[in-house]
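Heads up, the next two complexes both have subunit A, just with different partners, subunit B and then subunit C.
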Partner chain A sequence: MFRSGWQPALLLAPALLLLALLTLYPIAYSFVLAFTDAEYQSDALTFVGWANFNTLLNDWFFQQATWNTVRFTVSASVVQVGLGLVLALLFARPFPGRQWFLPLFIYPMMLSTLVCASIWKAWMHYDFGWLNNLFDAVGLSRQPWLSDPALALWSIVLVDTWQWTPMAFLILLAGLQGIPQDIEEAATLEGATPWQQFWHIRLPLLRPYLFLALLLRSIDTFKLFDKVYVLTGGGPAFATETLSLMAYKQGFKFFNLGAASAIAVIMLAIALVLSLAYAWQVMRRPS
Partner chain B sequence: MTQALRYSVMIVLLLFFTLPTLWMLGTAFKPAGEYVGTGLSLLPHAPTLEHFISLWQQGVGQRLVNTLVVALGTTTLSLTLAFLAAYALVRFRFPAQLDRIFLLLVLVVKMLPPIVVAIPMYRILRSLNGLDSFPGLMLSYQVYTLPFCIWMLLGFVRQIPVDLEEAATLEGAGLLRRLTRVVLPLAAPGLVATLIFAMLLAWNEFLFALLFIQTPSNFTLPLFIATFATENQTYWGELIAIGVISSLPVLLLAGYLQRHLLRGFAMQSH
Partner chain C sequence: MFTKTKMATALLGLAVSVSGVAQAADLVIAGRDDLMGRALEQSVAAYQAEHPDMDIELLKLPYGSLYEKLVIGMREGDSSFDLVMIDDTWATEFMSQGWLAELNEDRVSQDFIPALTDISRYPVGQGPLYSLPVVGNVAMFAYRSDLMDEPETWSDVIAQGTQLHTAERSGVVFRGTQGNPIVTGFLPMLWAYGGNIVDGDGAVNFDSPETVAAIRDFVSLREIAPRGIEVYNSGEVRDAIQQNKAAMAIEVWPSWVPTMDDPELSQVVNQVEIIPPPGEVNASTPMLGVWQMGVSANAENAVAAEDFLAYFTSADNQRELTLSLGLPPTRSSVYSDAEVVDTYRWYPNQLNALRQGAPRPRINAWQELESIMGDYLQLALLGRITPEQAAQQAHQRMAAAL
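Up next, the complex of A and B:
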């Protein structure tokens, strides 16, 4: 530790100023715009009170987008953490070739979302998609993955699971490897079956990591934009419209900045709750 | 779990996570008639470069350069600011828990849905004449890369022993000298790792590029990819081939990236 009056402030200032310019100012600006009828190229603002929020809350499209976002966030996070747990358990112990297999389960999270979405858009094509070809080959019927309103959202959950399970896997693997070996050895000596070990030793010790993984995946899935943009554009029949996509369309297609900002403010409130929970989880640990 | 069950689960999951990419790598070389078939083959029967040639003629080279320029510029700015900030946070005591408040801000920004800041950002860039320009895009990308770099570098700077710096101080070295002669060389591996991951973020970013870049010749790779999958028509051959091109850095670096990811998550979670 060094002590010196102005030096630390000077080192921190550029990053702090840029962060403030790029986030605090925009957020304050969104709050103002959310209470106006602002439009695209004009800078004149008329305050309309809560009108934007009232309209939104009674708007079927907004309700649909919220419902879709909630369903997507919850189901994608849970599926990814579940699958990540299975992978982490498989990789927790050494086996031949482990270091060669590991990258094969991790690389999807580093691919561009646009690339993932492109691959799966092709795989989910009704007529020649690989997935339907596979279904044909094993005697199942072809599925309208992205064109059936009842199925499209779950297809996007599948694509997100493919791309982001690796993240849950890595968090849970770090957690499993942090469990002291002697606890497990002692349990084995005491005659605990593998199943008992999992339920009574590993799972309780993993709980904070499961929480962390769920939280991180929820924060991320809540933003869903790119995948929907490429895979369905929000359709069919608004079945995959998300809050991000709706804010984008209101702001940058219909030039309705007031409504777009109101959606942004609502999203911000939800994201803030999630990220404060995350910050609390991460920062309470002594470092 | 019994061995047999372990291995079968492993194989099913391995297929799930690798087949789509293997399919992409093969299909990029399939002629038009082949990829619309109903077969399951991953490899092309009559390999062709036609999609890559078509991409080249449509200016994929220019877009690669654009993406690289934006990623490098974005990362250079982030890394510089983040390195100074991370150093200050690790080595100095701040009054009134200002350091913790700063870290909280960083975390919250890291978690923020980018669409939330998009509209005001549009106005900021417009007033700075930064719309449809690389410097403007680099500035907006700081929203992603700056918090990420601060957070990642924090872990690396913490591991640098303070003794060397104290020795340098005794010999009369000031802050600038300590930073450039002592800390920077020791932090180099961490800086390289952070650089690569931050470049990857910028390389893959789509939303801000979509909103702030209009001229096709200024497109980055993700924007260019989207032009092959429009609402009206999808150009499958080009779409899959450009997927291969833009994934090459990740596929080539997969081993290195994975080692750092493992380390990063272990550090973050303990």
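Up next, the complex of A and C:
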């Protein structure tokens, strides 16, 4: 197809150059900044070794933000993929009105996150919110959804689940629809119960899709920023502060580029471990 | 081949013409969104009516985005913006870094409230003028005059608030959200109790018995505040006072309350008095939150920028913006205009507050210090740490940041 060896390289060069400029250079520069005390206004860089990392790792606020981020990532991803699986199983079979319900279920995903968070902030208002009015109506006590440090993070999990479960649902529905009919028909003829069919046929065949959904949701939830920014600002009492929000404040509010880059490097390391673990699960040969 | 060449030429021409349009503005203004954005928009339209050949580009941004864009642009020597709007807490950084051009003093009216033009200078009150005050924001105090007497001290606020607190209506309401909101509510109280964040030399001076006393009383307000106060922001405070859900608001800004006497939006028409915040050990010290505008040091259209700024801050335009939008003016004459006072009956009090007002500390790292203080205040508000620990730990952290 190509007359000489350098032609493919030449064709790839613009894309590779863009990738290097827009992705590799910022990452490399973040690594450099993470080991410096960067004076933003004067552009002066002073090498400080591991000092930024030491300060962060011994800082209660950073530890709290890390713990919040990990709790949010794990709980939101697992709940969303679990609920997505239930919905996908329901929608895998035809039922009356299916074509109407499907767009309804994926509607939250189409909303802008800021709009979604603003709507939920109004719904979760202690005095005037729709949620507490509903609780009143059914005889339950009002809840301080966003102002109780013990509840606030779980309230944000609820909002994220409402918005992004449809994504997991669509991935898993696609997976379910890709399972050959004849396998399930053969299992039915062999006398397998619906539960046995689910456990021994559908679930193993869905495994790559489950991991894909978990991977995508984990990456997205790990960088949680906008919902927290709108709903709680990281409070109350740091109960919902996340690593992204902390990096944003350090970088773009205080212009402490060294500290912000150190947080970004730590986030990158955690995200890399997560991605590699998922990739290993997805790519290993089925037993 | 010929068709392809013609198409490529046409696309190139289009691209050049589009980029030409983008650079052709005679004046580029970067300002806030919301109320201030509407005021800028209205003024740009009026100014353009007088200068029909002038092309003005107005960029309206939220608080955080405006700061980011300006700092990054100014630091890089970018000439994208000619005229910029800045919060008074950013002023020291912008002026000390040489990001704003000196203004022509001869064109500046003596009608501006002196306390506001003082913070438009660097060093404060003495140096050259780098900006003009465009929004006369000052932290005020609101109370229900039909329910209580005017509180003269913060102890009085706590005492009367405790008496008035019921399940339906809280004694007080304030912004409890972590960061800037909780700090701006607390600062007038800190100053009234004799506390300070930095001393005269700019060193952190937060850990003091006065600060501890102020934090202790601030934390006690939570008992007589609405449930969920920890995430209350300006919208919730305004709603609580306007919807008869709170007897006092310890912090209201003039731009939040122009609808207080509007019967369609408020349940407390003519029942709320807006006054400077109470004193305690010290006399009342209202906190200034003035927005300023200055000409970028890299402006390509500096003359046009200064001319528009003169128009925007003229007494006639301020009067128009105040009456139509409720934008707080910065000129004494507008505060004594009969129609303005008739529309906003608290304006004489507001003028007094502006005259007595104090700005937040003039230090470059204010954003970081404010955030640190906000974190510890909220931990104290929720009972996670004692007022003593809040003062001590915030002090240590702020000192390290400085």
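One rule holds for everything that comes next: the second predicted complex is superposed on the first by the 261 of 287 C-alpha atoms of A that agree within 3 Å, B and C clash if a C-alpha of one lies under 4 Å from a C-alpha of the other, contacts with A are read in each partner's own complex, and residues count from 1 in each chain.
Just so it is clear, contacts are C-beta pairs under 8 Å (C-beta built on N, C-alpha and C of every residue); 3 or more make two chains touch, one makes a residue touch a chain.
Predicted, not measured: the structure shown is a model, and the values here were computed from it.
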{"item": "Room on subunit A for both subunit B and subunit C (clash or fit)", "value": "clash"}
{"item": "Touched partner set for A:A247, first subunit B, second subunit C, both or neither", "value": "first"}
{"item": "Contacts of A:Y126 with subunit B and subunit C, given as first, second, both or neither", "value": "second"}
{"item": "Partner chain in contact with A:L56 - subunit B first, subunit C second, else both or neither", "value": "neither"}
{"item": "Touching partner for A:L87 - first (subunit B), second (subunit C), both, neither", "value": "first"}
{"item": "Partner chain(s) touched by A:L210 [first = subunit B, second = subunit C, both, neither]", "value": "neither"}
{"item": "First (subunit B), second (subunit C), both or neither touched by A:T23", "value": "first"}
{"item": "Subunit A residues touched - subunit C or subunit B, whichever exceeds", "value": "B"}
{"item": "Touched partner set for A:S112, first subunit B, second subunit C, both or neither", "value": "first"}
{"item": "Which of subunit B and subunit C A:T232 touches, first, second, both or neither", "value": "second"}
{"item": "Touched partner set for A:F255, first subunit B, second subunit C, both or neither", "value": "second"}
{"item": "Segment of subunit C that clashes with subunit B, given the candidates 55-63, 163-171 or 379-387", "value": "55-63"}
{"item": "On subunit A, positions contacted by subunit B and by subunit C", "value": "127-128, 233, 252"}
{"item": "Interface residues, subunit A side, partner subunit C - complex", "value": "40-41, 61, 125-128, 142, 144, 146-147, 149, 152, 231-238, 249, 252-256"}
{"item": "Touching residues (chain side subunit A, partner subunit B) in the complex", "value": "1-4, 7-8, 11-12, 14-16, 18-19, 21-23, 25-27, 29-30, 33, 83, 86-87, 89-90, 101-108, 110-115, 117-123, 127-128, 130, 133-134, 136-137, 162, 165-166, 170-171, 173-175, 177-178, 194, 209, 212, 219, 222-223, 225-226, 229-230, 233, 244, 247-248, 251-252, 257, 260-261, 264-265, 267-268, 271-272, 274-276, 278-279, 282-283, 285, 287"}
{"item": "Touch list for subunit B against partner subunit A, complex", "value": "1, 6, 9-10, 13-14, 16-18, 20-21, 23-24, 27, 35-40, 81-82, 84-85, 87-89, 91-94, 100, 102-124, 139-140, 142-143, 146-147, 150, 158, 162, 165, 169, 175, 200, 203-204, 206-207, 210-211, 221-222, 225-226, 228-229, 231, 234, 236, 239-240, 243, 246-247, 250-251, 254-255, 257-258, 261-262, 265-266, 268-270"}
{"item": "Residue ranges of subunit C in contact with subunit A within the complex", "value": "64, 67-68, 71, 75, 93, 97, 176-179, 181, 226-231, 236, 239, 245, 365, 367-368, 371, 375, 378-379, 381-382, 384, 401"}
